[in-house]
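To keep things simple, chains are lettered A, B, C, D, E and F as they appear, and every chain counts its residues starting from 1.
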């Protein structure tokens, strides 16, 4: 039952780039508030935003063997997404594996588990979103799979889905919805830009969004 | 039962500023070790210290409607304190609301819930202490209240209380005790300054505080 | 039953330094994957690595009296390791105690509890690994012990053991194994250096470690 | 600043009893969804429901001295509510203190901390809602207060407020609202009884509450 | 984007029953150690084991509207599986909804959120596996979907998958694999029965599984 | 480095039995408040108290191989104590292993990890204190050790130490202190019995322990 799917479809590179530019909060809203990973998956670096195509890894708890298998499947711009089959905070990934992944054009890992060598990873410019930092070593004894559907930090991910990650967390955009989500996200940004100017000028959301009548209807009293 | 209290009393601006300069650890001690929020409320930025008057917000879980209502009540130097009526790690607040709050002179939020757009908030110089970072969007369906007593991260807060926040966490000073606490805090700082010099010169706490007799009385043995 | 052991043996200074240079992940592997503290003990600063001899402190929950006692026992290069007898996230340690410890040549604390004045500590160059940040003050009422065996964040520590700490966490090397672990760690680094070059050149772990036959034996299928 | 308030007002005994009969979920709804303690405060027994007047205790972390002071203030039907000034999972309370409390007519404790002797407490018929079970002993060194306002498990409690507790958790009813809340709760129960019969007969909430038009308006599609 | 899928395929009733009889641990092993929900989803009752076809519910955080919609889709023997789009410990479900669900032949709920009226639910014989118990009420404002794929407590669930739940937790069997998993589970039980007798007679796993040579090869030493 | 220590010393059976009768809270006090495991290790059954000699197991995360090795070392009345080298909530132990352990006279397991088949274990009368319940299966790939010193749930345990466990948790008594601790525990019980009668008769702790003068000295005010 352990398989490596070698051919996956990826979204258009420009679409991916524009989703990354939109950022997690906006993309998550444009997706109808779906696709967000749980809030305990956090970046090991600050002020880095990225997007890429998911190469998914289903791994046994405490076993990082499949990362070696997955790296062979990477293409320029991919992001690895590793989900253990059970919650595990051990350190699956460090600077050597990052060196290997970067040699194939991958610059980020999203992992529902731990990583180590975090200082080296920051210095190398390899970005990580993880649920733990831990030096605890893993074994290479049990098979898993690559590019099969996984659940990572509470979100379902298929190989080739677009991963958008920044300081706010990680969002998964199904590949088939990438263009529509990009367009909705950019429309949202444009309209936010208009509102930002009004907010900066001192206008209130109460007025910009015409909230006062509905608040009164619901019974809000000013005293 | 949903109300907006429009007139609140605030402490003297200089008193607030001096409490902020004293810092959370010192103010908490000066208060008799009361008023500290729980340790899971953490800053999204580093090395920022602030103090201000609390504008309190009681909000439904996952509903940020009352933030718009509260912003209208802000004055220069206020700090918003949002407490959901039940624990919730969704992202109530982001860069647009911060833009609006800053236009009214508010520069910080303390929230027993999540925020998003954290990179933008840091760049804008808007400080946040929160119990989560999450892009998860909220709705605007259920009323709450503004400037009523709330419990935020385990601490009771009344509108107009002084919020002191820095890297160590958040402390709440009841408005009526502000001057006394400020004086106790500054006295504590002065006496700490004397002791700091003695510590730096190599004197031991055992001698500075004359602890040796009491340690011996309690039965401590050196072997 | 409360004792202060005044004479402890320490490892050779150069050995300690070389363990520190090897870093937590490597030392932990060289130790046979033992000695790692739990993943919830985290640094309050970034990009600091250190090693030193443990001066251990067993303290009552919420009581930091023994820190004063322990500081008298410190020598240049020591690291204090404080373990409360029960989990506690109060702020046992701040800038005054750090001033005192630094005056005796100690530059780091590992504590299965909270610390405060974190900004000051970073500015002073005093490194801390803790399980919490909290301004909550402690009392001085109950005796504990210094330089007795403790369990800190899940790891057993004896006085004089070598503490290695960096961004990945904290590892404890039993004093008697220090030289052997140092040698194993440095051998590991040397062999990693060779592999790093091969990884950087694009070779795969699958080939470097000759994994393909074993993967096939276990039944991995490529599709 | 440590005080014991000896005279507190209590609600009418029958009102308290009827609030207890209504149960936590109903009372919480009748209160406008306020007053609920956090979900991590759990009963040590099953299938026990109770209500009583709060005798509040503000205690230092790991210090149970004030329980002895509070017991003297108890009257028949009171419930003790202990809130440490900082989160603490030590065992503040066991069978001896329960014996003393029961001798004064108290049959329950709500505590944002730990208890011990849980088997004995169940056998004695003394009910407890706590955030931990722990044998860890506490000291008697630091004063606290009795019958002052406290925050317990996230809820503000004043002495004399009505505590309603069952398998679902703990709810606090402000004394001044007790009669109104009781009436709203009982009205709610009556109307639920009617609906329960319709539900049991196979009618759907979609029809009982006439939800179908609003669902369609919002855009729900059946496929 | 909010839909109710009205027609779903279910597995054969006898297959479901036999999976339920096999139990969670055995079924999880028979599935190749996949499909297990996270360990924080726990039963509110003890010693109840059940299996059924999943009717899935994707709900907004703190909003239980879709439960009413889902109940109309239930058939005899179904189990509701509710996954909020973000972690939430509010009380989505109580005795009234259980009455309605039971009227349609449903006897269990699996929910990555909270429930209330737990004593009533136990008395009614309605089984629940939840990640929280909370009286906190929810609203009916935001649409979700019924019988779409969801992620519940870390496991992907499709409508019609077989849910197996007992004291050990909850396991999800994809509908298409139900027969094969049932057969593998029953084979496993048969072989365990043989081994159980040998264990009970005092034979050791070391001998039954012939582990001694491999332990020696790996280097285990007896001292 | 993986060893099985085959000969361990055990305390006298009657001493062990009397420690078990004293219970966890009393033994922990008699030990000077040492030896208690963390509060997150909980029984899977209710109202069971036990004591026995520790057979310790150091196991790799997610690997239960050493349990088979350990069972061969068991004698009548032993309790297995399993500590993974890193936190892990997988299900290491179920009914088959319990059958094997019971055949050798062992009736309890203390494990800083998960167990499964919990209903069966309760029915068999095999007692478990664990930090998780999980059906998640483990592998048999990596060696560990038996009867070496371990840290389990924060407490150091040596083979042959006495484990005392009941509803309040688990306490470890060093073998060499067993008789002294037993005597101190029984003295404590006797004096508690005297006080229990006084408490039951309505006397207050304030008077029994003569607390009033010291409370007044510290500044407690009655208002």
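Heads up, the rule we're going with is that contacts are C-beta pairs under 8 Å (C-beta built on N, C-alpha and C of every residue); 3 or more make two chains touch, one makes a residue touch a chain.
Quick caveat, the model's predicted, so the values are computed rather than measured.
Which listed pair repeats A-B comes down to matching contact pairs by residue number; over half match for A-C among C-D, B-D or A-C. Taking shared numbers over all numbers used, the chain B to chain C interface scores under half, which places it in the different class.
Two chain pairs, C-D and E-F, are weighed by contacting C-beta pairs, with E-F ahead. Here the CA centre of chain D is 31 Å from the CA centre of chain F. Centre to centre, using the average C-alpha position, chain A and chain F are separated by 42 Å. If you average the Cα atoms of chain B and of chain F, the two centres end up 41 Å apart. Along chain A, residues 33, 36, 39, 60, 85-87, 89, 134, 136 each make contact with two or more other chains. Taken as a graph of touching chains, this assembly has some other topology, since it is neither a line, a ring, a star nor fully connected.
Which chains touch which is summed up as A-B, A-C, A-E, A-F, B-C, B-D, B-E, C-D, C-F, D-E, D-F, E-F. Against chain F, the residues of chain E that register as touching in their complex are 23-25, 28-29, 33, 36, 39, 42, 46-47, 49, 166-169, 171, 192, 195-196, 199-206, 209, 211, 215, 218-223.
On the side of chain F, the complex with chain C involves touching residues 1, 32-34, 36, 38-39, 60, 85-87, 149, 151, 154-156. Remark: chain C residues 60-62, 85-90, 134, 136, 139, 141-142 touch chain D in the complex.
By the touch criterion given at the top, residues 2-6, 65, 67-69, 71-72, 89, 91, 94-97, 99-100, 102-104, 114, 116-119, 122, 132-137, 140, 143 of chain C touch chain B in their complex.
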